[in-house]
Structure formats: C-alpha cells, structure tokens
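Quick notes on the structure that follows.
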Amino acid sequence: MRADTTARVVALHLAVVAVLAALFFVLPDYHRGVMARVLVLAVFAMGYNLTFGYAGLLSLGHAMFFAAGLYGAGLTAYHLGWSVLPAFGFGIACGGALALVVALLALRTTGVAFMIVTMMFSQVFYLTTLYYTTYTRGEEGLVLGPELRTIGLGGWTLELWEPATRYFIAVALFSVVFLATMALARAPFGRGLVAIRENEERMRMLGYDVHRAKLSAMVLSGLSCAVAGAAYALLFGYVGSSFASIQYSILPLLWVLLGGAATTLGPLLGTVFMFYAVDLTSGYTSAWLLVVGVALILLVLFFPKGVMGTVRRKWLPWLP
Amino acid sequence: MAAVSPLLVTRGLTRRFGGLTAVDHVDFTLPPGEIRAVIGPNGAGKTTFVSLVCGRIPPSEGRILFDGDDITALPAHRRVRRGIAYTFQITSIFQNLSVFDNVALSVQRTLIDRGGGVPARALEAGVLEALSRVHLADRLDLPAGKLAYGHQRLLEVAMGLALQPRLLILDEPTQGLSDAEIESFVALVREIAQRATVLLIEHNMPVVMALADRITVMSNGAVLAEGTPDAIRADAAVQQAYLGSPGDG
Amino acid sequence: MAFGPHLLLATLEGLVTSAVLALMALGLSLVFGVMRVVNVAHGEFFMLGAVLAWFFSTLVTGHPAFGFLLALVLSPLVVAGVALVAERLVLRRLNYDPEATIVATIGLLYIIQQLALTVYGPEARPVQAPFSIRIALPWFGYSGYKLFVVAASMALMAATWFVLTRTRIGLVMRATQYDRETAQNFAIPVDRVYAGVFALGAGLAAVAAVLVVPISQAHYLMGLDPLLLSFIVVIIGGLGSLRGTVLAAVLIGVSDGVISVFFSPTLAKMIATFAVAMVLVFRPQGLFGTAAR
C-alpha cells in the first residue's frame, strides 16, 4: 500500500526543487534576492512545522531558535572572525542545544501553558540580545562585511552576497531540509508524531515513548530553524534583535497555517505567499501587520487546514 | 500439577485520590494462560485497579510484579513493551486515521522492538493478520471514525492483539455491542486465550460466566471474593453485595 | 538623593505600576478563569483605552478634570463594546478552542494595533491629569495624582471583589468558572456570561489605561509591555485568586520599579519573564491559585 506512493512523492518533491532552481534563470534581479530570502525563511517555517504541524505543539517561541542560529553564526563571524562554515555549524549547534534545554523544561507543560512558556523563554532570549547591546548592538544590529561571507574551497571562492551564489545556496539548503522533512514524515517517526497528536494516551498505551518523540521533534525543529537563522546571517549579512522578537515567532505560525500544517509543501507556499503579500502592502502603508492580523483570523476561522492541507484532504491523500 | 510462576502479581496495591481510597491494599495473582474476570458494582475500583497495573496512574502504595519483575516504577509505555496491552473502557482509537493505519501503529511497534526496521511487507502482513481475527480486514482504508461503534471496539482489540501481548486487559469490551457481536466476541477471546492471558472487566454476567476460568469480585476498592464461576455464583457475600438475593437468576 | 529616599521613591513608583497592573491583570485573570481562553489582545484593549482617553479629553475644553472624567466613563464602555464584537464574531465561532483562540487573538492584536497606527499615528500624545497637586514628603515632592491612581485602583478592586463575591452576577460568573456544564444545567446562559466577562475584562484594561495615561503618554505600541507583565502577574498569582492577583501585582510592580530604577528596565523584564516561565513549568498553580480542575 505504502510502496505505491513513494515514487509519486519523491518525484513531486524533486520536481519542486528543480522548479526552484530553474526559477533563477527566469526571475528578474530583485526577485532573485527576494526568493533567496523567502527560501531561507521557508526553512524556518519547515522547522516550525515539525513542532506545530507534526507534533501538534503550538509554540509561540520559535524565534529564539532562529535567532540562536542567527547570533551563533553572526557573533562568531563578527567578533571572533570565524569563517563561514565553522560559524554556520556553530549557529546550528546553538539552536539544537537551546531547543533541547527549552524542550526539557517546556514539555513539562501542555496546551496553553506550553504556549506561554515558549513565548516567555523566547522573550527572555530577545531581551538578552537587547541587554548585551555592546556585543549585539541590539535593534540596530551588526552588519557582516564581505570578508566574513566568503568561502574558499581549494582554488574556488564563493562570495555569499553574489546573487547567483546566494540563490543557489538558498535552494540547496531548502532542498536538504525539504527532502529530509519528506523522509521524516513518511518514516515511522513522522507517522508516530501524527498519531501522538491524534491520541496521545493511546500511543502511550501502544508502547510509544511519547515524551521522547516530542523531545526529538522539538530538537529537530530547533536545529532546522537554526539552519535558517545561521544561513540568514551569512547570506544576507545582517544580525539584529528584531529577529528574536515575538513577531518572528508569530510569522512562521502564520506561514505554516496558511500553507497547511503537517504538510511538506505547506511551509514553502505559505512563506512565499505571505512574504509577497506583506511586501506589496508595505509599499502602501506602514501598517502592514494589519494584513498579518486579518490573515490569522480568517485562517483560523475558515481555513484551518491551509492550502495544502485542504488539497490533501479533498484530492490528494498521498501527500505527506 | 506443576507449579507455574504467576504472570501478574500485585501486593498491597493501593491508590488514593484525596480522601477517597479507590483501590485498597489489593493482593492479586494471575497465572499465565488464564481468563480472569474482574467484576463488581460501579465504583468498586476495577478500572482504577487495571489502570494501576498497566501504568496509566501511579500507585499510592504497593508493588506490581510482571513475570517476576517489579514493574511498579516502570512507565506505562515500557510496560506495554514488556507485554501488557490495554483496551480502554471508552474506545480510544485514531478516529482520523484509516483502519489499516490504526493497527499499523501496533505492528510497527513490535517490528521496531524486534530490531531491523519496518519493512512494508511485514507491516502489511501483521496488520492483515490482526484485522482478520476480528473480521475487519475488508475495510482497510476506511477512516476509523466511520466504523460502527461495535466495530471500533473490535478495532481496538485488534490493535491490542497486534502488539502480541502476554497479558491482554479488556475494560468492559462488550459494552455497546449487539448480541450477535457479543457472541463472536466471546469466541474471539477464547481464541486469544490460547496464546495470551486475559484480564477482563465486565458487567455482562453471561459473558463472564461463559468465558472466565476464575472470577475476582471487587467492592469498595478491595477484593471481596475470588474463585471459579460456580463458587462465586454460590457465594452469599457476593450475592448480597452485587448479584442480588439468592432467589434472583 | 540618599539611598533610603531613593528606594522609597522607587517603591512608590512601583506601587503606581502595581495599581495599574492589578486592574489589568484582573481583567486577564477573569477571562482566563471563566472562559479558559488566553486573550493575547488584552494589551491592545489597554492601548485602545489610552488612545480613546486622549481622544475624549480633546473633545472637552476647560478644566482637564472634565475631559478626564469623560474619558473615564466612555473609554471603558467603547473598549468593552469592541471586545463584545470580537467575541461574537470570532471567539464564539471558534467555540473557545484554546489554541484557535490564541491565534485569533494574536490576529486581533495586530488589527487593533495597526488600526491605531493608521488612525492615531505613531506619535505619543500626552493627556493632562485632572488635577496637579503635589504632596510634600520630607525628601521629595510626589504627585498627588499618582497617589490617587493607587487609591482608585484599590477602590475598583474592592468593588470587583464585592461584585464577585456578594452579588448574583458574581455568583453566576464564579459558577460558570467552576463548572461550565453544571452551570448550563442550571439554566445559566453561559454564552452571555462569556460575552459579559470578555467585555468586562477589556473594560478593566481600559480603565487601567485611562488612569495611567496622564502619567505616561498614549502610544500605539504601549500595549505590549503591560500585556507581558499582566501575564506574569496572573501566572504567579495563580488563576481564580483575586488575592493572588493583587499580591502578585504588588510584588511584580514594586520589584520591576525598584530594579528598573537601580539597574536596567531590560534586566528587570528578563528576570520577571524568566521567573514566570519557571513558575509555570514547576508550579503551574502559581502562589495562591488552586490547581486546574
């Protein structure tokens, strides 16, 4: 039964990656930059999707994992002069470690308390970036110079600010996390998460270690979000407190809700759509968050499954 | 008769909720291969007792031994892996997953525990085997929530069976079933008992009398009487507490 | 100024914060206690109260007390009305599902906040206090109005306590909080109670804002900090405990005031936020609340 759909699923996902890569040659310059940004933020959204969509835990604090990657990479590059790859790795490790600690504490709570706890831990992280303003320059932030964003491989030099390099690295990172999510969703672990979300007590009485599953989901989630954060720092050269603010905990929620929680394609769709919607709106008014507010209410009232969730339910049940 | 070490033993098992003692120093022994029924009036502590055994709630006092090992401190999911399966009093399945996926989660569990991953063929075989025992193998792709209530209960039994347990605990399994369904259920339990030990909470007395090798009667959190169906039927204290006066059926 | 008087000043400032915070937290606590939902837009009701207070005060010339009184009466009413609309249109349709409600109130937060930005603008505007008497203490002069705020808050808290514990309406509210289903069985119109409580919660936030706006100013972003502080107060004080809310508000307000004066406001917030997260993890019923039923 399951064997029938593997070919379809893999083909679909590879096709998406191919389209994204090919898009570079079609898009004008401005949009190449936008899409590179969107793809990195989509990785953030996919990371959030692991916790919110698959594990069913509404976290309001995921900005801290993104920011852990951002600052982990950014601070080591800026203050310690680390080169790109070690800084990137360190950023990811920071996110993973933070996710482990937060999960061990936050998973002692459920429901509303979990939401508040995650939100508060994230707020503490945000305030910390503001407090240590000598190192982080707070809201103003740090700009990473070009020498910090260069990778030397043998005789080759990769300049991360160069549009083509940046775009294809973004596509590569996206693809890795995208395909990994696909594999995870179809593996016993992913299916177990969905079942835990459905009926936790029953899963426990089927012999599953529910706590360990949720913990793993959150750590993987934190790692993915940190990948996005670290990549963002190095690809776009800016590290600022605003990325740790509560707004960046709410945006991935919005992206995932819109695109479809617990689907692999949903996060990408949601991020692309909302990013352009906000981009358009902020051309007209500084009150673009209004769009975010209205979108959230409409989604939760009328369209809780999001785009891909509805597609999956109505037409394509094999979508992971 | 050779002495067989008991599968399940509880010693002084107690559970209090605030001022209420729901299970009161229960000593219980269950030999392997037996079908044991636990009966008693509402509020006697039957469900609390089995919840303590399978680990859903922690005891206030006492010990639980399974196959000689002290499992009192073991969390519920580890007890399941040791071989205790439990079906809920109020059917607890995955309503939005298909019938196949429901049982697959159990089969997956046993395959993982055995090591070597979850090959699709083994998964399918395991699911079909469990479902055919409850006669639900023809509805693999139906969302479980769409099944009739009686079939949902059978699905839950299949999920328990697919764990290949050594002790299957059934909490009021015939509640809500039609007479015909109850008949085939009794046959199913007899067949299950050939390979596993069954602990059964039931209110349906004909089912109890038909199935049970021995009966434990609980009242007010304690064991009132224990014995063969005939002995229990004749026991005056049980009759008074539960079955009514000797004149009733 | 010597340390002692400086500490006294910081404490007084903290008490004023506590007074405002207590009212706001009470509103949040009532909504969470009775309806079991978290209203993330609660801070925006506060902000709306302040912005409206500025608006109403500009309508009246002459002695600032007139404008202030007008604001004190009308602002909470308007904000309660807004809350009622939101409750009917959105929250009820979601059946008060906890997660969906949080997402919806986040949306509401942004809508109210950004509408304020659009209509009221990004500037901070002052409102004149109704009177400007200074109380002369041995070490410094202190604003009489600020002391009035503390007194007003205490009066309102007492009135709320009275309503909750001594009137039929209060009984109905507490019954619904205690056991919704049983309340329904006793023909209590739970839907209407919910609407009323939600409006009341918003109204309390608005009153707190009207009281505080002569001290600080009305600004479209002013709702976020009080929201967080209210959360902290409600969680530490424990749900369903009026006494806990008051005590926690005093504790949080005064310590926030003292730490802010002697150290940095950011550090104060960091400590408070971290502390409340830990309380929620390890002692979810707070200091005085009863464990959830």
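By letter and in written order, the chains are A, B and C; residue numbering begins at 1 in each of them.
In the analysis below, a contact is a pair of C-beta atoms (placed from the backbone, for glycine too) under 8 Å apart; a residue touches a chain by one contact, two chains touch by 3 or more.
Keep in mind that this is a model prediction, so the values were computed, not measured.
Novice: Mind listing the chains that sit against chain B and also against chain C?
Specialist: A
Novice: Among the chains, which is located farthest from chain C on the basis of C-alpha centroids?
Specialist: B
Novice: Which two chains have the greatest number of C-beta pairs in contact?
Specialist: The chain pair with the largest number of C-beta contacts is A-C.
Novice: Based on mean C-alpha positions, which chain is nearest the centroid of every protein C-alpha shown?
Specialist: That would be chain A.
Novice: From the C-alpha centre of chain B to that of chain C, how far is it in Å?
Specialist: 52
Novice: Quick one: chain A and chain C, Cα centre-to-centre, how many Å?
Specialist: 34
Novice: How big is the gap, in whole Å, between where the Cα atoms of chain A centre and where those of chain B centre?
Specialist: Measuring from centre to centre gives 44 Å for this pair.
Novice: Which residues, counting only chain A, touch chain B once they are in their complex?
Specialist: Listed in rising order, the residues of chain A that touch chain B are 1-3, 188, 191-192, 194-195, 198-199, 201-210.
Novice: Any idea which chain C residues touch chain A in the complex?
Specialist: Residues 38, 90, 93-94, 98-100, 102-104, 106-111, 113-115, 117-118, 122, 228, 231, 235, 264, 266-267, 269-270, 273-274, 276-278, 280-282, 284.
Novice: Give every residue of chain A touching chain C within the complex, in rising order.
Specialist: 58, 60, 105-106, 108-109, 111-113, 115-117, 120-121, 123-124, 127-128, 130-131, 250, 253, 257, 285-290, 292-297, 299-301, 304
Novice: Given the complex with chain A, which residues does chain B contribute to the contact?
Specialist: Interface residues on the chain B side: 54, 56, 76-78, 80-81, 85-86, 88, 92-97, 100-101, 104-106, 108-109, 112-113, 118, 120, 123-124, 140, 159, 163.
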